[in-house]
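Shared chain: chain A. Partners: chain B in the first complex, chain C in the second.
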Partner chain A sequence: MTPFTYERAGSPAEAAAAAARTPGARFIAGGTNLLDLMKLQIETPAHLIDVNGLALDTIEATKDGGLRIGALVRNTALAADRRVRRDYALLSRALLAGASGQLRNKATTAGNLLQRTRCPYFYDTVQPCNKRRPGSGCAAIGGVSRQLAIIGTSEACIATHPSDMAVALRALDASVETVQADGAPRRIPLAEFHRLPGDTPHIETVLEPGELITAVRLPKPVGGRHIYRKVRDRASYAFALVSIGAILHEDGSGQVALGGVAHKPWRVEAAEAELPRGAKAAAEQILAGARPSRDNAFKITLVERTLAAVLAEARG
Partner chain B sequence: MQKLVPSSLSRRDLLAASTASLTGAVLAQAEDASPEETAHADAGTAMRPPIRAQVSFTVNDRPRELDLDTRTTLLDALREHLHLTGTKKGCDHGQCGACTVLVGGVRINSCLTLAVMHQGDAIITIEGLGTPENMHRMQTAFVKHDGYQCGYCTPGQICSAVAVIGEIEAGIPSHVTPDLTGTPELVAEEIRERMSGNICRCGAYSNIVDAITEVAGSRA
Partner chain C sequence: MKFDRPATQNPIDRLKVVGQPLDRIDGPLKTTGTAPYAYEHHDVVADAAYGWTIGAGIAIGRITRMDLAEAERAPGVIAIVTADNAGLLGKGDHNTVRLLGGPDVQHYHQAVALVIAESFEQARAAAGLVKIDYAAEPGVFDLTAAKGSAIAPEPNELTGPVDTRIGDFAAAFAEAPVTLDATYTTPDHSHAMMEPHATLAAWEGDRLTVWTSNQMIAWATADLAKTLGIAPENVRVVSPFIGGGFGGKLFLRADVLLAALGARAARRPVKVALQRPLIANNTTHRPATIQRIRIGARRDGTITAIGHESWSGDQPGGGLETAVSQTRLLYAGANRMTAMRLAELHLPEGNAMRAPGEAPGMMALEIAMDEVAEKLEIDPVEFRIINDTSVDPENPERPFSARALAECLRQGAERFGWNRRDPRPGRTRDGRWLIGMGVAAAFRNNLLITSGARVRLDGTGQVTVETDMTDIGTGSYTIIAQTAAEMMGVPVERVTVRLGDSDFPVSAGSGGQFGANNSTAGVYAACVKLREEIARRLGFNSEAAEFENGEVRSGNRAMPIAAAAAEGDIVAEDKIEYGDLSERYQQSTFGGHFVEVGVDIATGEARIRRMLAVCAAGRILNPKSARSQVIGAMTMGAGAALMEELAVDTRRGFFVNHDLAGYEVPVHADIPHQDVIFVDETDPMSSPMKAKGVGELGICGVAAAVANAVYNATGVRVRDYPITLDKYLDRLPDVA
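Coming up: the complex of A and B.
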């Protein structure tokens, strides 16, 4: 790690302002992703703003019948919340499929959304990587790309977003609440929160410098069968090769988001009209325009088969 | 806002430090970084001097006050500064669980958290769970069931196991809990899934599950 100064923020507005005025500042919440990357010199903040003291660790009912999840609610607490288990089971399931018990006890809602890619070349600091060092190239293109993205990729980057939670939040039509450096709040639909890599893969979300996430909002529950299916190389404590978060209704309609395939949770609302026609038809539309590599072309088949299993589970 | 920087550092100095334009006051802090803290420094970023800060917490019920490089993880504070070497460093990246300790009764990986982030916390390590003369039930069960071979992962396994029983009793579901609205059960499948954050290279897994099952059973 490189040296850094450290402070504890007293309020969200203070935290955002401190981040905006201090060069090289970063927020730290659970620390489970940031410290991992700092140890490898992939992240080198000069100043850490500890946000753990902000009172953003509660889950509250909203007037419109939904939930407002504080940015600091730990993954364990969110997955265990009675209302989430009953009305947003997809979210509990996605969280519980991620990381380990120890990590979920520390990981926060905001930190989970902002966790960085697990592309092996991003972690290997001697390799070119446009995300780690803009303009240096991409070692993954033409390299070992079995785990990487198949859709929404660019000539600059083919990384995936590794979060399970974000896939569930995308299917659930969640939105992100923030305060900007000048203290102004804003609300960003999750659909617009993460960016595709384009030619600036180092810019991963639409957040402005110093912008602090304060909460994630869930709309009113929509009922249906909630299923999160994660396919991975070992049964627990591994990132997804492909995952599917789905809410499926008796009439065959539904909401489906994919993990492990793109730089953001992947959802194609227009393709959901195909769900009653089965997995093949829907998967074809969800992955229209996919450009897999030789190493990860298997993910196309894997998505279709995983979706078929999800649809069968919803019927059964 | 509460600034955890050395008392001699003003806010101006803090900003100066963060832009790496070195003032006398900041340079004065640039001493005795421990080897583990400088091991990775490279030319571009090594220009920033180490920053120290104070933190106090209790470890195994004993109040501790430390003056540390801000980079010190809780794991390194325990091992290198407090000489509580029961907690082990396996991967240092959250991938093995050897560093598992209990903070406020909750199990975490001590390698992925900074010591300065634990002001006022109550930390329990393997040394605090039991002693050779007066072992915790989980320690006794690990001995009885041979829940280890080399023993390197064992302190983390035991801290994790104690917390797992608490998590199941608190009704926290897991990936393998069949009904999210029901109550999770103290069964082997649950224990295996919940212990997946603790890797054992010796492969003592089945004996570990036996040990935990015995303790869980005697509770139920």
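Coming up: the complex of A and C.
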């Protein structure tokens, strides 16, 4: 770990301003990802702005019937919230499918959205990685890529976003509230929040320098069956090969987002019209244009079969 | 003590302490965090500096430039060790590859520098400032591609013959009415122990002491002296507690050498723990294998031909993975052949991991047996029993000392409810789960190795045992205390056990499931000597004397043993040495593994539902710690079956998933229910303890039982481990 300076922010606006004016600054909340990456010298911030004291840790009802989840609400608390469990069960189930009890106790809502990829080449500081060292190349392409992305990839990067929570939020049409460096608030639909890798895989979200997440908003509950199905090699404490977050209604309509397949939670709204026709039709549209590697081509089949199981579960 | 005749009645047979399910005597130290591990000897050595190891960034080639200037100027940096300034170094007898690389690089993450600083964080930060340029050279990293170039290496004591032929295999196989010819693969495995390799080194003049984490103290001492070019008597190796080894700590590794070199360069004690991301590529691993098995049988189930060939790879000068060894002994059959071939690879050094040879060998052989049983339409439990043998199939003059394979399989089938298994695959459902049961035999040889100990009696009646035997989490402390307590007729609380120090007599060490039987037999030998001396001093005939309740007794006369040491401690030292009993009798351990799995019909996720192992391994010295050993081994076998694989980047020549997030091993949720049964057995050929090894028996066959259960569940046969869903998803039934 390279030496860094540290401050506790007094308010969200102050935190954002401090981050914008301090080169190499990073926010720290739960630290469940950032500290690991600092120990490995993958992240080498010169300055840490601790946002844990910012009182962004409550879940409130909104006027439009939805929920406003503070950026610092811990994953454990969010998953256990009575309103979440009743109206957004998908979110609760996705959270509980991720990490471990200890990590969820520390990890925050905003931090979960901002966690970085688990691509093994990203984690090996000797290897080229455009995400870790822009312009150095991508060792994963043509390498060991069983876990990596099959769609939305680029010549520069085939990493996936590892979050379970973000998949649920995407299916739930969540949005992200922020405060910018100048103190102005902003609201970003989750659909637009994470970027595809393109030529700049090191830029993972649309957040501007200094911009701080203050909350995640959920719209009014839409009912339906909430299913989160995470497929993995071991029964717990593993990242998804493929995951599906789905809200499915009796008339066969629904909202479906995928994890483990792309650089961001993957949802194709237009494909959801195919859901009543079954998994094969819907999966084909959701993954249209997929470019898997030899190692991860199985994910195409796996998405279709898992979606079929999810649809069957919703019917049953 | 020479053990060259079968054991007769002896004090161990009383089984007042030995054979009892005692809690670990070191348990409180471990559960309270006060058992000092290698990196934690703060009280013994003050003011240790911290080392951070830099691993090579290429698989093979040369360092063309190493720029240390910026790192040397970094805060807190004391010294940087590289091949340039380390002086002339040798190589230990048990190492294939040099532990400090440079300028030549022999494998990825081979250590090329140690940065030493006042704090751990400073060492790490400075290591990030070291600039290294390499000239990479092409290497061979793909066993499948290199298979054609594999050669028959010179056989040695460890490998046995690389080719065996009995009868006429080719003719018998050609004539057999039912045959199987199938190829199986097992991947590279990492030991993935919790405690990384770690060492604290301190010099006093010419004398070096290392507190480390090592299974074989005498090997480490000799190899460290040889590598440093100093006299072995100037090296002391101390390793009282070890956070798991599984064979990964059998040898001197880079942490020890670098800590020693670092302490010399820094002129103060230095400690080094290999960083987790280095473990997979810097240290040893279980090599991958390609195995071809051919079995020919008559319709009644009698095997007439059995052939097993195995290919593995290693660094130049490295060795074979002896995956065919069990096939020479496990099943009858008049016509037999085995062959092992070795390819040269430039992946990191391969070497022993828990049950080397048999673990991957049984992964293949026991699927093959399942496949043949199915072709014969004979129950796979019965098929194995039909081909049981009481003699070495290659040499019928040579019987097994004890062989309860059939009993293990029968008892296991009964206890597991094997009769509820539908032999037709893919027929049993439980909701979304396809259910299957699988069986495999377990087999692992019992090795006899000289082992010494020193026993001391003091005037208070306390008995102290000293031996360089190690406890790698297995329970050595406890079974050694039980042995001494039984022999000396004192409660176990009156025994102190001190292990893992090269100042103590050389023991068998921990490996190859040979630790328990040999090390306790060595303690037995020393205790016999101590008993004789006590009897002599107190005026007893040692042949007739009984040691019980802290007393020596003969007829009506009894004296407290403490009285013998009233004038000063009595010390006895001896070792167990073996005659030719293991040549006259084949000594092996046996078992049956039974597994039930569920396979998600949609996603193909395979999850174990329950496991049972029935083991016959001679006298069980402590049923509680032995059970823990077998449970741990079954868990490791489950990992080998379903998830463990060091993923090779065949372009860049390294194991990519080199941390515990990428190298998945089972978690609690993967292992819902396990049971272990020990068959009542004593083996008088093994040692005066009549015990054998059990810690590796538990892993041998497990993965195949899982594979066979997956087949029974799905009807899909996977011959390439690990059995992950991507290998059979497209062969599962359509989802409704």
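As a convention for this text, the second predicted complex is superposed on the first by the 316 of 316 C-alpha atoms of A that agree within 3 Å, B and C clash if a C-alpha of one lies under 4 Å from a C-alpha of the other, contacts with A are read in each partner's own complex, and residues count from 1 in each chain.
Everything below uses one rule, namely that a residue touches a chain if its C-beta (ideal position, glycine included) is under 8 Å from a C-beta of that chain, and two chains touch if they have at least 3 such contacts.
Remember, it's a predicted structure, so these values are computed and weren't measured experimentally.
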### Message
In the overlaid three-chain picture, which partner chain does A:83 touch, first (chain B) or second (chain C), both, or neither?
### Response
neither
### Query
Given the touch rule stated above, what does A:92 touch, chain B (first), chain C (second), both, or neither?
first
#### Entry: Partner chain in contact with A:8 - chain B first, chain C second, else both or neither
first
### Message
Which partner chains sit in contact with A:24 here, chain B, chain C, both or neither? Use first/second/both/neither.
### Response
first
### Message
Output check: A:186 vs chain B and chain C. Expected answer is one of first, second, both, neither. What do you get?
### Response
neither
### Message
For A:202, using the defined touch cut-off, is the partner it touches chain B, chain C, both, or neither? Pick first, second, both or neither.
### Response
neither
### Message
According to the stated criteria, A:50 is in contact with first (chain B), second (chain C), both, or neither; which is it?
### Response
first
### Task
Using the superposition on chain A described above, determine whether A:144 touches chain B (first), chain C (second), both, or neither.
second
### Task
Determine, for the superposed model, which of the two partners chain B and chain C contacts more residues of chain A.
B
### Task
Answer with first, second, both or neither: which of chain B and chain C does A:233 touch in the superposed model?
second
### Query
Which residues form the common part of the chain A surface touched by chain B and by chain C?
1-3, 39-41, 44, 235-237
### Query
Given the complex with chain A, which residues does chain C contribute to the contact?
57, 75, 121, 124-125, 128, 277, 432, 600-605, 607, 642-643, 647-649, 651-652, 656-659, 661-662, 664, 666-670, 722, 724-726, 729-730, 732, 735-736
### Summary
Residue set of chain B touching chain A in the complex reads 1-5, 9, 14-15, 17-20, 33, 37, 40-42, 45-46, 48-51, 53, 69-71, 73, 92-94, 97, 100, 106-109, 112-114, 116-117, 119, 160, 163-164, 167, 170-175, 177, 180-181, 192-198
### Summary
chain A contacts chain B in the complex at 1-10, 14, 18, 22-25, 28, 30-32, 35-36, 39-41, 44, 46-48, 50, 52, 76, 79-80, 85-86, 89, 92-93, 96-97, 99-103, 105-106, 235-237
### Message
List the residues on chain A that touch chain C in their complex, please.
### Response
1-3, 39-41, 44, 118, 120-121, 123-124, 126-127, 139, 142-144, 146, 229, 231-239, 241, 279, 298, 301-302, 305-306, 308-309, 312
